[in-house]
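Two complexes are shown next, each including chain A; its partner changes from chain B in the first to chain C in the second.
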Partner chain A sequence: MMKKNLIWVGLLVFTFFIAATASAQAVRGVTDTEILIGQWGPQTGPAAPWGAVARGTDLLVKMINDQGGIHGRKFKYFLRDDSYMPAKTKAIAKEFVEQIGVFAVVGGVGVATGMTARDYLMENKVPWGGPVTGVYEWIHPIQKYLFAVYPLYDDEAFNMTGYLHEKLGFKKIAMFYQNDDYGKQGVMGVERYLLKHKIKLVEKVSAEVTDRDLSTHALKLKNSGAEAVIMWTNPTGAALILGESAKIGFKPQWATSSTLSDSALMMQITRGLWGGMITSFFGELPDSNHPLMVKYREAHKKFAPQERWGVFYYAGIIFAEPFFEGVRRAGRNLTTESWVKAMETIKDFQGIGPPITYAGIKDRQGGKHVFYGKVRPDGSIERITDWIRITK
Partner chain B sequence: MFGQLIVSGLAVGACYALLALAMVIIYKTSEVLNFAQGEMAMISTFIAFTLLDTYQVPFPYALAITFLFAIVLAIFFEMVFLRQAKDPTVLGLIIITLGFEMVLMGFVGWKWGPDQRALPFPVSNIEAYTFYGLIISKINFWTLIVSLVLMLILFLFFRYTKLGIAMRATQQNQLAARVMGIRTKWIFSFTWAISSMVGAVAGMLIAAMGVLDPPMMMDPLLKGFASGVLGGMTSLPGAAVGGALLGVIENLFGGYVSLSFKSVVAFAIIVLMLCIKPSGLLAKHYVKKV
Partner chain C sequence: MDIKRNYYEDIELFKSNTILVWSILFLIFLAILPWFIMKYHLLGLSIYIVNLIAVHAIVAIGLNILVGFTGQISMGHAGFFALGAFTAVILVLRWSFPLWIALPVAGFVSSAFGFILGLPALRLKGPYLAIATLGFGMTITTIIKRMEFFGGRMGLQAPKLELFGTPMKDIHYYYVIMVIAVLMTIGAVKLIKTRVGRAFIAIRDSDIAAEAMGVNLTYYKTLAFAVSAFYAGVAGGLYAFILGFINPESFHLIMSITFLAMVVVGGLGSVMGPICGATLMTYLDIKLQAIQDISLIGPALVTLSQKYMSIAGISNIAVIVYGLIMILIVLFEPLGIFGFWIRTKRYWKTWPF
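Here is the complex of A and B:
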């Protein structure tokens, strides 16, 4: 009887030991052959053109899988439409973690949307690489598992204002922005620069994402006597304000952020008014001869010929490249911690986006550079600067 | 600036008025608020876009085909969805229109994708006329003219034609209208068809003034609804006046009070009107059916 009991106790201890070892080794979303990753993005609704980003990441995933994956593991990619609605994003983040069990989230358009998921993902120690916005919310306070790629809007706007003032000599500068965190961080940069140089912002006009009548906005900008207007808005807002301004004969020098750098799309929806726009860019131009761009364009033809090769689309590659570089550097023994450590070793890594550096455990802002381009009347882009470091 | 704000307000108000008219036409006949009105207009505009841009169909033919599509769509919806509703209540029918709105939004997103587009239009949205120092763009000017003409036609139609009177009779007392030999089912289909056509005109004008994309009617539809409430949901002239007033009030508020709160003016008006004069400015009386 005693011997029988001992066998049972022994089996029980052995079972506990195996289970404990297994749970210690298991990494959510990582198997011997697969890594599960997810991304949300607006495939419908007013911000839907930015949804191309998430589909662009899909192209990179397909390319990597086609080449055999990374360290013997292929990627399974889950794309979900949040329609740019924060409530949906939170639900998607929960689905990613609790139902699908992803290893990481890559990309994700939107500040308000991403903010509903940030704390939840961090509490669950889910790696998040390259949120598709350049705001402070991703890096202040430092989130251990979150690595930003997008150059900061605040710094981008600060430098853009400097470019207009110092290089082009504009003294009367106005601002048109979207009334949310994205737009407001653009305003922050513009005002910071002007305050530093004791220049007055001649007008500051905001619009809601859903606004379709911007005639009053254009009139206010015109009445301010602005020589240059910086806009921090979405594609529809940009097209509407340009149209309304043209109607009343207001023709300042327009400048805008990298979020509107898809000049092919912008030329088309503004009926040519986009010509002359000064834009900052965080990635190679669509027709660039950069070897990686050539490779990606070929993959685009092979895996996603139905997609338009535009900036928003291949931005999905830009935001995901550092994440995959981290997976490469982490090696075969991929865990959340090994990925974080690997990411922290990235210095001057450059794919088709800006140079990426994470200077140790206190720096989660990878992209610190942009360059400027001017849209020609035919819609092509003239690159007018080299990469400029905007975040010190 | 004051004059310019009025002119711009009237132009955008004309679009609100058209949408309000489209809603009022249906509401007058069936007391149903059609929340799919915006998306019905949007899909018709996408049809116009495909004809004009992809197939290079001359504008008058494209317009005619678009109207035909708008009519077929409306009759299809009325006959297949609304008429089949079991023991329909007004609320139930309104919910059906909400469902249809979502179906249309999803369909357009799937068929045409989410990217914004520019609707080819015979009138420039950049060139402008100048009257006594006031600038009015050609598209705004013609929007005003088209809207006024359309409103006049509708007004005359409802006032003086047999069909128009039959439609009004159906709204006032469906049973009595049927007893008097009016084919009320046919009247409902016809009402939806006219409303859909007016909506299509509004959709094309709004797209021509700005951009064409699936959510393009979300904001204008709400403003159209506010215009209807302001002028009176049972009054055609009320819808026209409500649209013009709302466009002007919004612009003046944005110009002189606060641009940030310009977009909420419409909702404040809805609340105010429902509290002060629920029947609207021009509706003669407010009848609640029991």
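Here is the complex of A and C:
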């Protein structure tokens, strides 16, 4: 009797063991034929224009699937609208992991939104490639499964000041920024450069995101006698300050960050005042002849003709490219660990964004380059530099 | 039956054994709910969503004390919610307070501000009060944004809490939040039935008559604001910890309006109503998007939306359905979801008549 019971117990333990090892071997979101990935992005609400990023990634997924996928596996892409509300973003992250069971998260617009999900994703060892903001939060402290792509705003501002000062010879530089974390990272970079070279910032003017009357701001900038003004603001702020400056006849050399690099859109909302602007870019220009860009534009016509071919849209491709490169390098035996190892071999990989390197570096900041362009009066862009390394 | 013979019978929590039994069954249901969710993903729920629902329910119950019972209005409850969230996080983060002290403190900080906001409410009514409270909500978040102490515009990361040495997960928060939610619900039911609640209702029905009967308007109006803000503050503290990261931008006007909508859709002037409202609206807000995963219907709706509305796809449909449900409820059932419940109950009680 005793022996019989023992056999049963033994069998039970054995099946548990088998079941445990079986489930431990299976990789979440990866089957023989499919890999599940997800992204959140605001499709509604005030930040909706940025939602194009998440739909751009969809285009890349469709393209890759059309070519037969990677190592025999096609991708299933889940796009969720978080309306830029952190509480929703976290719910989406949980849905991705606990219910859909995705292999990885790709992209994701917003700092506050992404920050509610970051620790949760990392604790559950979910790979996350290319959050769509250039802030330190993604790389400090280093997260094993998080690979950042977007060049850091702080370094971008530092380098842009250098470009204006050294290459273009501007002596009197002023700064206009929006009073938030994004704007402050811009100020930080500009001041860091000027302090290093012992130059005085002639004026520093900030505006609230909700401010609608920027006439005194423009007057302050004019009175400072600045030859060049760097602005770190959202599209509305940029349009308002340009409008007010034009009204009082203040025409310095303006320069701004890559977040305002959609010059077709900016030309429209500034009613033509955007011409002459110097902008940094984290990706090829919309009409670039880069072979990949030609390919992507064709795919755009084929799979998503209803979308506007703008910077936000194909940024969704830029931020996802390194993730797919990692999947390619990981080979048929795709696991979270093999993907991380594969990502760590990436060196000078370049799609249509900046050259990406994760190999041999201490942090997880892949993108460290931008290039500069000047907006022509018709809204098209003249590329004035090659890729420049901004993060040392 | 429903005849009350004395005051104490009226303020009893459980009016009959039936209610007592159902309440106990409901508590048991709450206790085992996580197991069902984890095992079967009931209705696509996750424990996090249930936690969020419960937090919203606490705010809605508090707001209903103000709106449904006292007849005042607040469009600034996101401000109290934010105050609670930031107070709780700062207490735990900077001065290592335990959560069970930080939460009530957060509640009292909010209620202090609620008291202050209650003062102008003595002179303002209707739309004027709405504007004043709206201004309050926006001011609070702007002040928080401007002060580095509160983490500035960037916000704060809530510290990871531990329970007997293991980091707290959603399931642990679930029981913490549920205990608090149940206690606060009972608190609201009791409050409404006692002297204070009756004074609130008298003010709602006619503040001049109430004053003539000896209800101190200054005291009770500010008290209503303070109590309501206390609920929002405690809920805000919980919200910060289940989210893990808070930033002032997320406590915006839309959030205040959503809270108000939860109360109206759920049913003004009842305690169960706001709970129903919070449940329905939070759930729909998060889960309506899942329509796109239903085979055939999903892709068809996405195409429809992209063709005739905007490129955003399923979100258009989700927003329309969300709005439509709200309109229909308010239009056909002015008492909200709770009204449905009352009618259904009456129908069964009087059946077959």
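Throughout what follows, the second predicted complex is superposed on the first by the 370 of 392 C-alpha atoms of A that agree within 3 Å, B and C clash if a C-alpha of one lies under 4 Å from a C-alpha of the other, contacts with A are read in each partner's own complex, and residues count from 1 in each chain.
Convention: a contact is a pair of C-beta atoms (placed from the backbone, for glycine too) under 8 Å apart; a residue touches a chain by one contact, two chains touch by 3 or more.
Keep in mind that this is a model prediction, so the values were computed, not measured.
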item: First (chain B), second (chain C), both or neither touched by A:111; value: second
item: Partner chain in contact with A:235 - chain B first, chain C second, else both or neither; value: first
item: Which superposed partner A:213 touches (first chain B, second chain C, both, neither); value: first
item: Which of chain B and chain C A:247 touches, first, second, both or neither; value: first
item: Contacts of A:265 with chain B and chain C, given as first, second, both or neither; value: first
item: Partner chain in contact with A:87 - chain B first, chain C second, else both or neither; value: second
item: Touched partner set for A:289, first chain B, second chain C, both or neither; value: neither
item: Shared contact residues on chain A - chain B and chain C; value: 43-45, 48, 51, 179, 208
item: Chain A residues within the chain B interface of the complex; value: 42-46, 48-49, 51, 179, 205-208, 210-213, 215-217, 219-220, 223, 235-236, 239-240, 243, 246-249, 265, 268-271, 273, 308
item: Complex contacts: residues of chain C adjacent to chain A; value: 41, 44, 46, 48-49, 52, 142, 145, 152-155, 157, 160, 170, 239, 243-247, 249-250, 254, 285-286, 289, 306, 311-316, 318-319
item: Residues of chain A defined as touching chain C within the complex; value: 43-45, 48, 51-52, 55, 79-81, 83, 85-88, 90-92, 94-95, 98-99, 111-112, 115-116, 118-120, 179-181, 184, 208, 306-307
item: Complex contacts: residues of chain B adjacent to chain A; value: 1, 4-5, 8-9, 11-12, 105-106, 109, 113-118, 125-126, 128, 135, 137, 139-140, 206, 209-211, 213-216, 218-220, 247, 250-251, 254-255, 259-260, 262-263
